[in-house]
Amino acid sequence: MVIVMKPQATEADVDYVIRRASSLGLKAHVSRQNGRTLIGLLGDTRGLDLGVLAGLRGVERVSAMTRPYRLASKEFKPEPTVVTVRDCVVGAERIVVMAGPCSVETPERLGEAARCVRAAGGVMLRGGAFKPRSSPYSFQGLAEKGLQLLAEAREATGLPIVTEVLSSEQVPLVSRYADVLQIGTRNMQNYALLHAVGESGMPVLLKRGMMSTIEELLFSAEYILSHGNPNVLLCERGIRTFETYTRNTLDINAVPALKELTHLPVIVDPSHATGKASLVRATSKAAVAAGADGLLIEVHPDPENAWSDGFQSLAPQEFSRLMAELRPVAEAVGRSL
Amino acid sequence: MVIVMKPQATEADVDYVIRRASSLGLKAHVSRQNGRTLIGLLGDTRGLDLGVLAGLRGVERVSAMTRPYRLASKEFKPEPTVVTVRDCVVGAERIVVMAGPCSVETPERLGEAARCVRAAGGVMLRGGAFKPRSSPYSFQGLAEKGLQLLAEAREATGLPIVTEVLSSEQVPLVSRYADVLQIGTRNMQNYALLHAVGESGMPVLLKRGMMSTIEELLFSAEYILSHGNPNVLLCERGIRTFETYTRNTLDINAVPALKELTHLPVIVDPSHATGKASLVRATSKAAVAAGADGLLIEVHPDPENAWSDGFQSLAPQEFSRLMAELRPVAEAVGRSL
Amino acid sequence: MVIVMKPQATEADVDYVIRRASSLGLKAHVSRQNGRTLIGLLGDTRGLDLGVLAGLRGVERVSAMTRPYRLASKEFKPEPTVVTVRDCVVGAERIVVMAGPCSVETPERLGEAARCVRAAGGVMLRGGAFKPRSSPYSFQGLAEKGLQLLAEAREATGLPIVTEVLSSEQVPLVSRYADVLQIGTRNMQNYALLHAVGESGMPVLLKRGMMSTIEELLFSAEYILSHGNPNVLLCERGIRTFETYTRNTLDINAVPALKELTHLPVIVDPSHATGKASLVRATSKAAVAAGADGLLIEVHPDPENAWSDGFQSLAPQEFSRLMAELRPVAEAVGRSL
Amino acid sequence: MVIVMKPQATEADVDYVIRRASSLGLKAHVSRQNGRTLIGLLGDTRGLDLGVLAGLRGVERVSAMTRPYRLASKEFKPEPTVVTVRDCVVGAERIVVMAGPCSVETPERLGEAARCVRAAGGVMLRGGAFKPRSSPYSFQGLAEKGLQLLAEAREATGLPIVTEVLSSEQVPLVSRYADVLQIGTRNMQNYALLHAVGESGMPVLLKRGMMSTIEELLFSAEYILSHGNPNVLLCERGIRTFETYTRNTLDINAVPALKELTHLPVIVDPSHATGKASLVRATSKAAVAAGADGLLIEVHPDPENAWSDGFQSLAPQEFSRLMAELRPVAEAVGRSL
């Protein structure tokens, strides 16, 4: 249930509504949008006399929520959310391309990747310092050393950094270096981690679980939002299906589906969603045409010698070509790149 | 294994190669493309001395096939296949939009749908006269009466007809009325039916099984091609996954994947692949951006009162809007509409 | 909607009910069970005054159906269906093991397989004469020659024959030789074929589509039942999932699920459901423990040299061991083998 | 690669092998089983001269590993692992039934559930104090209060406690109360948590991710084992598929598949794997027949009024009936209950 306060409502009015809600056993989440105060009420509202709340001073209207998530829904907030990361704006007219290597390897390679990303028009640098790997014997990333290299690359190129955080304990460390905290597909329902990034207030790139539904992605976003952090970017990165030719199946339906359910920006990761460099160009164009607000793309200066996921990384000249081809598609759907 | 004959090879040369292949226990499929004769050899070629065949008169080269389908592969035929349906050309620069109601209902409704399709720039009329339904108690289509109505609509609008054929026995009947025979998702591995449409020589729209891999789609295309019919259009129509928000999951990866595996045109059916009219516009644009050669879209003059699948059909004005939005996307990828 | 007639109702009573139903726009399916006549009414029954029918002579009661299939449901027929195949009874206390090679190869091998099946306690012989294969270049079966070999093996061992029929045209031919017509997983929704086996009256083993739901399996059974053939055996043969260690995933839940939804016997095919001979013993025991009425198992005298699916076939001594281990499990759940 | 040391090898021999391996760039994991020391070597062993290691003092043999996990594999340790939890032994002849409510609610209800579990022959009490919930607005468990109630129930009944731990920070707290730490399906790839429970040395019940393959489950077990904790119980709890009649699909194939791949005990959770109380009896029997070492079953004194998952919980008398029916099945496969 959401209470929309009148524009002229005072803080005292808001406090009083919260106290009354509390006396009814409900917990309140306050947010402010476009000069309005909205109060989300959590708890069992069945059987409540809404008139009690609707009549309070400063209340404009009380509306029931029909979906099991609230803060993430368009009913709660119809206008699109825009997330600002340094001087990048995600969720507005310009499509945001975040690119870089799967994992941070050496200063030279990362520097080369970053220069290539910037030169081609990418606006953020992605790269993993902590890698979640199925096998304990695979390369696990350079850890803090990797974060330092990312920060140096930002220094050199001006590109903000997107990097993954694997556990709630890592949030303070990663937050010191990163501009966007990435939650990986295996952690989409790691509630301790969602709680921690929620409290951090940092921009969060939340990847969909590879076998999670669109609604479950929104539930996980709700965990972050309900801890007071509105800066959530949703990321479709392919789901697990029976198909074996591709590593995952890019759920392109999810892009317009999310756009009709939520106000949060939607990013697509065609590199993981296909697992094949040869399919990234076509699916990137598809994602933009479908309405995505951004792309997350693996670029590596030398894909054949990458330490992880080289087969799905674009070489610099392939990335430049992709960017060139994306521009007219973005314009065709009223966006820019 | 494929034998590519020299341009100047004679029929006698070809016959001799076939006899020698036959003496080695191999079955030959002959096809002619761009003035060349190609002989596909089927059977166990392991341990064969290819030199025997490579040295025959008129043989240019012998190449092994690395994939378990042959005639459908790009190795066999690198240049794209173009299928001509009356005056429509599928697989060339122009993107082909086939649209119409899920099932043929009344002459009035079909006529209205056909006029709307033509007015907005669609080039073929789709509509089901025989409907495969999970339940024996659902509406099964108007049968031959429906085919007659389709033919009348073609008469009135000039749009060629795409309609489904459910069994091998129906092929002669449906072929009398239709321009393209559609094989539905549940029949993708109905080998008797594939055999029959293969022998008919008619253009075939082969829908991917909702539970079939990309390679299995190509195997089924191979059945049709190996019966001598090169006029096959492949159709991605969504696969079955765990996601429940949408009816199926449009496998957009399949579009570029098919383009790298086969020379056959690729059509996308966003209506079935999403099951929701509200998602058809975005996914249609995605399909075109990803490289599809055509779209198959459900349009109904009055979706709310359709006899089947109304929730996924576009109303005429929605279809017009879609077509208008598709044009710049097609141009952005070097195509027209 | 189902009308249950009184035991003493006459044919004239039944005819009159059907005529009245017909005048209300409903189609009637008549069946007789345990001396009772049941009339299933198909069509839109919303808004009908059931009193009109309930008051007719010979009518005991009128009951609404809550599921979209009728004849297959337990509401329609609470007591288990028993299907008789020569002197075998399926669906009763004894668990029925049908075994044999994937495809019929030579008289010697088939004979050896049949003797081994009988010796170990199997009661029917399975084997494919027509093989549905993804690739047109795979072995397609011996066709009628294979059927003849199956009939000879029946002659020699007394085991009734279960064999697949691929198309409606084949039904008369296969019916001349077979005792049970098998509908394969790829044909579960081949409605022309379901219609033809429905009209044949022969016992039918209906395999679940590899990506069909439990309810869709019942819809397909309904097609057969509604054409007047009550002799349907349902077969769980594994579904397609993301798991790659096994060929399919045996949906063991489907066994008790079907038992609570339908009166039809349930058979499990652990050979296809696992795709690995090493997993057949454990899953066969699981199927019996879960309540299956029978098993369909691939047995081959020399699995390593089988022409198809050898990796999932049991050798004779493995089959004997399986049968020995199954007996106590069958007894533990109150059945025999 | 694994080095098996001779029984009489000394610590100095082991240390020397480790130093030599280290000089070759390999990392060593030492474990001791049945009086033998085994040294798992991790790193790139391609191109290494194994003779260098095979000739060292105290080395019995050097064996290559063919699978990407080591400590969990049967190649590494052929004999079954037995995990001891207070006076319960898991992985031996007796099948272990762990049962109790989904979440701890009140002392009375938990006490009643515990008494019912013990009376019917269950040997451990399960119950959630911390609940991972898709929605932040669902009941999240009683937290430490719930752990205290579990400890009181253990006091009263003698049943050891199995309960879930949601994050690495919770491990010390939950370890103070619990006998077995449960890793839930959403956390199977939460590597920080796997690390923490690995270091705790506590028995761990590792649930398969609903979207994870059998091999990925073994990779996650490997994380725990490689941190020095051999007490891992694997749990099949159903995977996510397209089927909607059941909540998940119990992958019964996984039971014998795990038995052929690993030495670790295998537990099955039919309550989550079906999501329907009506299907728990049949699937429990199937799991035991397939070779499971134990079951994890939801039992609630009053399922209709449970605070979570009541629809899949058994009432006490249903649980008693299940236990009675399981006994003969266990005996039929040479086990006891």
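To keep things simple, chains are lettered A, B, C and D as they appear, and every chain counts its residues starting from 1.
Operating definition for what follows: contacts are C-beta pairs under 8 Å (C-beta built on N, C-alpha and C of every residue); 3 or more make two chains touch, one makes a residue touch a chain.
Owing to the predicted nature of the structure, the values given are computational and were not obtained by experimental measurement.
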| item | value |
| --- | --- |
| Partner chains shared by subunit B and subunit C (touch criterion as defined above) | A, D |
| Between the pairs B-D and A-B, the one where more C-beta pairs touch | A-B |
| Taking each chain's C-alpha mean as its centre, the one farthest from subunit D | B |
| Centre distance in Å when subunit B and subunit D are each reduced to the mean of their C-alpha atoms | 49 |
| Separation of mean Cα positions, subunit B and subunit A [Å, integer] | 38 |
| Subunit C residues counted as touching two or more neighbouring chains | 211, 240-242, 244 |
| Residues of subunit B touching subunit D in the complex | 240-242, 244 |
| Interface residues, subunit A side, partner subunit D - complex | 42-43, 68-70, 132-137, 166-170, 186-187, 189-193, 209-212, 216, 219-220, 222-223, 226, 240 |
| Subunit A contact footprint on subunit B (complex, rising order) | 211, 213-215, 239, 241-246, 249-257, 259-260, 273-274, 278-279, 281-283, 285-291, 325, 328-329, 331-333 |
